[in-house]
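Following are the structures in question.
Here come two complexes built around subunit A, the first alongside subunit B, the second alongside subunit C.
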Partner chain A sequence: MTQTDTARIDTTRIDTRPQETPVGLPRRAVTIQLDGHEIKVPEGATILDACESRGTAVPTLCYGDTLDPVNACRLCVVEVENSRVLVPSCSRKVEPGMVVHTDTERVRHSRKMVLELLGSSVDLSAAPSVAGWMKQYGADPTRYGEIAKTVKQPVKIDNELYVRDYSRCILCYKCVDACGEQWQNSFAITVAGRGFDAHISTEFGVELPESACVYCGNCIAVCPTGALMFKTEHDMRELGTWDESAQRQTDTICPYCGVGCTLTLHTQDNEIVKVTSPLDHSVTSGNLCIKGRFGFQHVQNHKRD
Partner chain B sequence: MDLRFPEAEPTVAEVQALDAVLGVSVVAQGWEREHGGAHRASALRPRLLGALHALQDRVGWISPGGLGELSRRLDVPPADAYGVASFYAMFALEQRPTTVVHVCADLACQTLGAGALLDSVEATCGIPNESGGTASWHPSPCLGLCERGPAVLVTVAGDPPREAVIAPATPDDVAVALRTGPNALAEQAAVVAAVPQAASADSAANLVLLKRVGVVDPLSVDDYRAHGGYQALRAAVAMGPANVIREVTESNLVGRGGAAFPAGRKWAAVAGQPVRTHYLVCNADESEPGTFKDRVIIEGDPFSVIEAMTICAYATGCEIGYVYLRGEYPRAREHLQHAIQAARERGLLGPDVMGFGFAFDIEIVRGAGAYICGEETAIFNSIEGYRGEPRSKPPFPVEVGLFGKPTVVNNVETLVNVLPIMLIGGPAFASIGTTGSTGTKVFCVSGSVERAGVYEVPFGVTLRELIDLAGGVPKGRSLKAVLMGGAAGSFVRADEIDFPLTLEGARAANTTLGSGVVMVLDDSVDMAVFLRRIAAFFRDESCGQCVPCRVGTVRQEEALVRLTIGPRQEHDMVLLREVGQVMRDASICGLGQTAWSAIESAIDRLGVLT
Partner chain C sequence: MVGLATVFGAGGGTSSYREIEDTDVIVLWGSNARVAHPIFFHHILTGIRNGAKLFVVDPRRTSSARWADRWLGLQVGTDIALAHAIGREIIAAGLHNRAFVEGSTTGFDEYRAAVEQWTLERAEAVTGVPADAIRELAHAFATADRAQMCWTLGITEHHNGVDNVLSLINLNLLCGHVGRYGAGINPLRGQNNVQGGGDMGAIPNKLPGFQDLLDDDARQKFEISWGCTIAPRHGWHLTEMFEAMDRKEMRALYVIGENPAQSEADSTHAIQILEGLEHMVVQDIFLTKTAKLADVVLPATAAWCESEGTVTNSERRVQRCRKAIDAPAGTRDDTDILIELARRLGHEWHYPDVESIWNELRSLSPMHAGMSYARLVDLGGIQWPCPSNDTLEPPFLHGRLWAQDPRDRGRLAPLSAVAWEGPVDLLSNDFPIRLTTGRRLDSYNTGVQSSAIASPMRDGETLDINPDDAMRLGIEEGERVRITSRRGSIEAPARFDLDLRPGLAFMTFHFPDEVDVNVLTIEANDPKSGTAEFKASAIRIEKLNGAVGAVGAVGAVDVAVDVAVPVAGD
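Showing the complex of A and B:
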């Protein structure tokens, strides 16, 4: 039995950046089959959009709400009939008559293995949801043995604002895209090297103060695994005082300029420990500048007390 | 936003090297056409790869000063340029001696004593990649000289830079090269030595694609014309673009690079795209271990490649063609560059080809040591000056290819097949070979055979007949297995070699023809060492973009080392299969998808590791 339901697509999910005024023809609905159910989704939507419209959970790591999908992690793969290999749901667009399965043996195997391969080589402890997926898919990163090669390396601390802990890096390209043409256009970092040795780097690995970095912190905002982290957060984690359950988030407006970006202040024990901006915000799309992101010390300058 | 460039100053030599290369290349034409220099990246970005070669050739490495100067001139972010340079094995980002000896450590050479050569070189010349002194050496992936291994490539940076091939090489040769550079070495073997069938008039008479190799002077356009050259283009223009595509379609020609996609369908798809410009990319990045056919064709008959590309361009409306030639082929580059220049001078390339009223020109893009760049979309990124990482498909190249435009990507051998199709017609071509596999196929026979080389036979001869044609395994040895299709292919046992060499025959025999690699292994080959080399090859050549391949190739090698050397874990075989499965199912491109094929077949068919 197949059931037909008209899917509700949250269009902001497809591209949250300021949309151009639609001048073309309205988008047609495409009928596809998802796990045995016939559904209609707008033309141009991805399989992931379709899954979300039906409430089908699909794990993602390198998918970034505000960035073009690079489909590098392969965690979101699904099985599409008549396709020799599995397809990344985050970037494959729906086609009429597509028959998609999100929970087959092959899909579960690939997701389990991607989690295991990452888990055995990268520190995923600061990546939300991963532990749950590991359990769900039965991933056991320890079975690759003690000698399994990892990306473990010392944390790079070369400035007072944020640290780069590439032991946690899954090479999702999001920081590079955010630093480059998709958001900041600073082009301070790149993927360098090849294969397992591929890594995020400045030119010749120079420290950030010598690079083109402008400390906007937009790379931190998109990092899915905590490889890029406020120095405050890093220091508190080192001291064991970082406690997200004890934190409050308060939205306010940045005081520095007339753009008026929305800031979300993350506070713990009445101290600002981190600043973000909502990803779905029409002005910032989660991005800030150095002042909004890091210029909060004046708020808690206790010398004045 | 203005870019920020590093402060390191370039040397005079680096400035001269960049002066010489920037401003003369036409590679930038494509990007400049599409974006007018006002897009996300510099209009000059496609010159990046050539500029990196210029620095590497001149001073032997890419220095911070050189990279900074290059970034300034091309208006490319220095981090981006660094990311690109670090992608390619042939670019050094730390200072190293100007003379570098690349000793092939790959599969075919292994069957010919590369292991002993490497050991001996290490004993006499010291450890690899040593930075002191005037020369260093390092083990290299397949150099495409499989018919006369063990092979060595020597590169000497300077003005002019020099490159030389030593094959077969002895430890003494390597020592001489390290001491005095390649000048002291003997001239390399004639191209025709790689075509054993050319030795006798009887077998040479059956050659179609290789008929001119060793017969014509590869440096003379007149000689090419005297041997039937440019008749195919005349025939093509006489019948018109639509009929050219019809003939190619009716010939049932399929791609010879490994994927076997129908060439006619690809051409028709590009020809039918209303979007302009259309591009043609000739894929000459043959890096599959054991493949060297395209090298022989380009070295021995470079004008045939130019003529075939011109026909394709005429039929599909391409104005610019790129030959992406692997960086390890100095003689092929020299011959092809000369041929392109000669063709331009004669009006065979240029704004009005042969007076027929269409424009077409060809540029060589020189690879820099990356197997992945032979992948049909990675090749676009590499030409455009980005890291040679594959793109996801769809969209396919016929719609969104090079510079985002409709693009024909064909292998060298696929293209030269178009010449006989134009001359005898599609249906006549289709009558050669079998119904499912038409025409002739150039096989690269290497390993333990009497006469290694490229063999052109009609589809349908059996693998046994082909091995016999190459003289069989040397006396006193016995056949153990044949690796079909290279590292990305699969093994067949000695008792399985009676299947016909056709696409359908290979499929039925549960193997692949791939790019035409037939690597013959005798009983002296240590399969454990051989399989570890396959695993190491994929680990080295993975671009690192997707998780299944980036980490999977490492885990595959680790498991294989444990299984063959120890200590063996109880579940290692299960692990190997599970890693293999995710690489096959979930990798972005064919590299990861086939990285487990050969090892799987060694376990399942040859009973290795059990």
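Showing the complex of A and C:
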């Protein structure tokens, strides 16, 4: 940015007349080296943002577009020159002159180990992309054998709207953050226990209908592994009828109140099987309430009069 | 919508949701957005976390009020008294925006005279809100760089709902909190296309795009396009139609996607009127209670997921609805039904698809001209006005009021010297308890769409009352009680709720097949908008096993206030 540009932006900021659009702080461009290429990214961007801007694929599980990074899964690590340890690309902000490598032996080895450790203890079968990454990094979760400790446990089914299958939970905290101060502010769930016994729980471990849960399903929307799942999806998976290749996604507008939330209807065989909302829409940022998320039964054709 | 149109000429909220996140003071008045508009409340929560102060004005200590810096728990129907006291305090403290008031508004002297009697002390006596809290809101609102005023049906569902709205708009005008980013006035629409209905001219005095029906040029434009003549007179709004049906002046009714047999106030009377019609047609996705009364039922597809079209939300954003599933056999899209009906009546309407209907609107309504289907998809919806195919307008309305040159400011915004009147349905010894109505999180209106949600939070209809009232009446939690107003009587289980003060009761109208709450509500309508006073009925509560102890739970202030109010007709 030139001196002239900065001066112009400063003038705008001290102007007290009504502003037509919000004026944020001006962002400088930062030059970094990514896999041998020099690129410019806005100040404050993360290494992951920089990778995405260049089309460099980086695997992530705990990262959510609408949530602050928690650095829990360590799958997105990259190598930064002069950094002793690998750094999580989802949270590390770019600095001028930073030299980043996303595909070194050290990075690949680390990602492979993360996938194997997670895969040996958690059921990742409902996590999109994981199977592909396993192949890409040559990860073999079975190599730890039968003695590997797992989080396997029965599915918690205590209501008709969504289930909690903690055999699939990688403790990424996304549901806790979405339910808590980052979006829903209901604070119905948090992490309880320590070490390997750490788990996501309602207050005092009560069932959902006794908890502070308001069934907005904003936790389901951010869950990367299917540990939180629509009951419709869970039931169809049990029956073996869940088939994402036969599903369509259609964006429409919620039929209830006047806020106008965009609903992405996931349909299979002319039935709505799941509802999400686009993460990048200015109205919802991917969030819905119980009516938008679960209020579609009245048009399910097997239920219509 | 009527109030905003009166002041600004356009019946729409002036700000965008995003602006709430960047404001300094938020006033949520007669709105439990946490429950009724949960995703809008997300924007408020972001605003709070960014440092905004929240004031909630509501007779109930709602779940929205739990997030407030201050809750102002006013008596039902005393909104104008409170708003005027705030206005008076702002003026008395010299905190109003003199430059804006002088340059961009009219009627300041009349307004100042109207609010003069509303001292903090008098307001406290009438509204029940402590003077300190009124002063705090007034000062915070007036000294904020940016402030947002938001309301919902707690303001509009009164016999003087439009005056209520005008009294709130006054406060924004007084402080210059309109027409700037982050400062504005936001009515939250209760239904997904209430705004769109108004936009499309489904109101008795406007053509699509809020063009006045009495404007010869506007009418002629539509007449040329439609090849017909349009009568230069305003039609009836819903309430006027019911009155016309009652006196047999209107004898046939065509109802599309509405359930008046259960949603109208004083539903017993409403059903009598509908039954007295010579002919009624109902077009709906379900065989509603209204449809059961009809001579002809036209089964329609569900507009939001079985057909194509657009809706407009509370921030004036026009968005696309799309067909995701096939509708049941025998149903047809609303547009198909209307086109076919027109054909049978001798008019051939040629629309190859819904987009061509939309494009016709764009050619006739300047505020929609730039909204092609392609742009609506690319931009995630577009807020009106959007006259240009290439550019977008600012996210807020009425920036013109801030123009340097007075000639660019257009029609100045009038302050409204409205007078306060309490609720029509007076409290008395026979009807000592004030009943107000509202929504719960997991249900919606008469339950036609929401009753199928398997919500673990749902208890069915209850009469929510303060435990002190219940104790006085000898009622236990969960006990079925009789609730009687001057219009009718129903039964429901009692539920204790500490968010209600003694003398105040709450019910919804989500479960009309089990408990028809609108048997109780009063058909006292706002003369300007036709909205009924759902929010203020006088009731008594009795034990089912005997009528003893029915009276006594009287909020003394409430009665004193109500009795003092002169009311025309009852």
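Note that the second predicted complex is superposed on the first by the 275 of 305 C-alpha atoms of A that agree within 3 Å, B and C clash if a C-alpha of one lies under 4 Å from a C-alpha of the other, contacts with A are read in each partner's own complex, and residues count from 1 in each chain.
Methods note: a residue touches a chain if its C-beta (ideal position, glycine included) is under 8 Å from a C-beta of that chain, and two chains touch if they have at least 3 such contacts.
Bear in mind the structure is a predicted one, so any value in this text is a computation, not a measurement.
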Subunit A as common anchor, with subunit B and subunit C clashing or fitting: fit
Which of subunit B and subunit C A:109 touches, first, second, both or neither: first
Which superposed partner A:71 touches (first subunit B, second subunit C, both, neither): first
Touched partner set for A:253, first subunit B, second subunit C, both or neither: second
Subunit B versus subunit C as contact partner of A:185, first or second or both or neither: both
Partner chain(s) touched by A:245 [first = subunit B, second = subunit C, both, neither]: neither
Touching partner for A:298 - first (subunit B), second (subunit C), both, neither: second
First (subunit B), second (subunit C), both or neither touched by A:82: neither
First (subunit B), second (subunit C), both or neither touched by A:261: second
Overlay on chain A, subunit C to subunit B nearest C-alpha distance, Å: 5
Those residues of subunit A which subunit B touches in one complex and subunit C touches in the other: 181, 184-185
Complex contacts: residues of subunit A adjacent to subunit B: 70-75, 77, 85-86, 88, 91-93, 106, 109-110, 113-114, 117-118, 120-121, 143-145, 147-149, 170-171, 180-181, 184-198, 201-204, 206, 210-212
Subunit C to subunit A touching residues, read off their complex: 17-18, 22, 36-40, 42, 45, 49, 67, 179-182, 188-195, 285-287, 302-306, 311-315, 317, 319-326, 328, 380-381, 394-395, 399, 402, 441-442, 444, 448-457
Subunit A partner contacts - residues on subunit B that touch it in the complex: 1, 3-4, 6, 40-41, 64, 67-68, 71, 77-83, 86-87, 89, 93, 370, 387, 392, 394, 539-548, 550-555, 558, 562, 569, 571, 575, 578-579, 581-582, 584-588, 593
Subunit C-facing residues of subunit A, complex: 17-22, 158-161, 181, 183-185, 208-209, 214-216, 248, 250-262, 265, 267, 270-272, 278, 280-285, 287-292, 294-299, 301, 303-305
